[in-house]
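In the two complexes that follow, subunit A is the common piece, with subunit B as its partner first and subunit C second.
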Partner chain A sequence: MLKTILRHGCRLRSVVNMRFSAPLCNNIHTLTPSNVQANGQIWPHVFVSRRTRMIDQFVKDAGQMRTSPPLTPRDIESRVLRICNEYDKIQEANKNKITLVTHFMNDLGLDSLDHVEIIVALENEFGFEIPDADYDKLYTVQNVVDYLIKKMNVTDRSKTTVSSAPDPRYDDHHH
Partner chain B sequence: MNQFSLKHFIVRSQALALYRDIMRTMMKIEDQDYRKEIREWARSEFHRNRTLRDLGEIRTQVALGRRSLNELKLAMRMAS
Partner chain C sequence: MSLTTRLPQTLKQVRPVLSADHGEAKRRVLNLYKIWLRQIPYIRVDYIKNNWTETRLRDAIKENFMRNKHVTDLRVIDLLVVRGQMDFVETAEIWRQQHNTATMDRKKDTYKKKPVGFLERFYEGH
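On to the complex of A and B.
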């Protein structure tokens, strides 16, 4: 019963089963004067509080495993502009003037090798390889942003987050 | 007006592909100083040879660059 409650609470079934059975077995036999209530019933409240701490830790760990927040077009735009501004071959005068319509070669005076460096830096930033044939499409900042939005399937509305409704998968496991 | 033939275009694409591979390999290097060194080496080599017009010479340089890149990749694999 307790296991089911915990399972609904933190959805870490296999971990809960593994980790808690030993302390559960060990502590259920522990009887101290503080556990015995006035009417002779035994309530292992000390045991429960220890488990709460462990649950907090598990929930915290689960939180760390959350994936990165969904991207918006504005995120992509700002990241692309940041990568461009970090590029060392751009003149100081041009650095803060990079906009969506900036053309790498015509406006920033870069050559084809510099262009390759920038696109490779973007590949590194966004974590996927851009095929060689597509490099020719990416001469302006606007083209880069549109291309990335298309390739990463970014929409304006972020995807729905995980709901806190009980998970039906665990509903028929009553011990 | 444009003196460059299709062969030149192809060879130019190969040179850019080599530069791209060097840059991608460079991104995998953790050490920032070593990364800078590789970038400076690649830039100086390519800029030194940018005025070459003879197809044979260009192809030779690209092949040498490929070989250097393979050595670099091997060294990285052995270091990790």
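On to the complex of A and C.
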């Protein structure tokens, strides 16, 4: 926690520096490519550099938002198994014996309406809609897991695009 | 392409209502079930006086579908699907009232039962 306070403190200090001390450049009124704006207007380099620097700072601040850790195939498996276990139509005897090779209709004795219910629960859990054409691919737990992995582009060592730490040393979310 | 040119020979005697074979009818039924299931949290809020839980609503919908599971005639299945979809639209657009939706749930008491036995009649005042 102390680390985050120091980090946030440091960031504020740089913003304060930027606002109160405008950098003095030698090329204020020269016609460099960075000076010329899109419509051919020349703008003092001072303001251009300050604006881009402020925008960069805002972008970096926005990038500090914390994201959930990247999905792994084991995450998906555990979530799917948890949903199947929570389903109340399954008898108590079968509940903890649901494995990757369980077939919904043959092993658990569910019918097509129950299958639809399970798929709707999966849609709610993972947040995207599964189209009708894919329903008959999803009769075993293994098929469900593979389908979800394919749809969500989950790889084993995937890195998030937005890091929740400015320092890459803290990227695996253990701070 | 007209419907008659697409149908197999055996079905030419009867004009279908919506679906041409059992596969299509099954797809319609499953779609209807799916949209009812997706509507459950909204039904809970819109008809809040009924004090429904999600499991109770799911059981009620399943029960309503299972009541017609023995039907084999394609046109009857289509008509039932259409009627189910009409019910769905009425429920989703809140054209029904609170007690109206309770009639679809067989286990809900929409009327007060007559007292049976001495104590119940005593409590009623008889």
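In this section, the second predicted complex is superposed on the first by the 95 of 175 C-alpha atoms of A that agree within 3 Å, B and C clash if a C-alpha of one lies under 4 Å from a C-alpha of the other, contacts with A are read in each partner's own complex, and residues count from 1 in each chain.
Here is the rule we go by: contacts are C-beta pairs under 8 Å (C-beta built on N, C-alpha and C of every residue); 3 or more make two chains touch, one makes a residue touch a chain.
Predicted, not measured: the structure shown is a model, and the values here were computed from it.
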Exercise for the section: In the overlay, answer first, second, both or neither for which of subunit B and subunit C A:Asp132 touches. Expected result: both
Exercise for the section: For A:Ser112, decide between first (touching subunit B), second (touching subunit C), both and neither. Expected result: both
Exercise for the section: Mind working out whether A:Val120 is in touch with subunit B, subunit C, both or neither, as first, second, both or neither? Expected result: both
Exercise for the section: Would you check which partner chain A:Glu77 touches, where first means subunit B only, second means subunit C only, and both and neither mean what they say? Expected result: neither
Practice task
Find the residues of subunit A that appear in the contact set with subunit B and again in the contact set with subunit C.
Solution key: 112-113, 116-117, 120, 132, 135
Practice task
Please name which positions on subunit A make contact with subunit C in the complex.
Solution key: 88, 112-113, 116-117, 120, 132, 135
Completion exercise
subunit C residues touching subunit A in their complex are 26-27, 30-31, 33-34, 37-38, 55, 58, 62, 65-66
Handout entry: Residues on subunit A engaged by subunit B in the complex (per definition of touch)
Key = 112-113, 116-117, 120-121, 123-124, 129, 132, 135
Handout entry: Residues of subunit B defined as touching subunit A within the complex
Key = 16-17, 19-20, 23-24, 27, 39, 43, 46-47
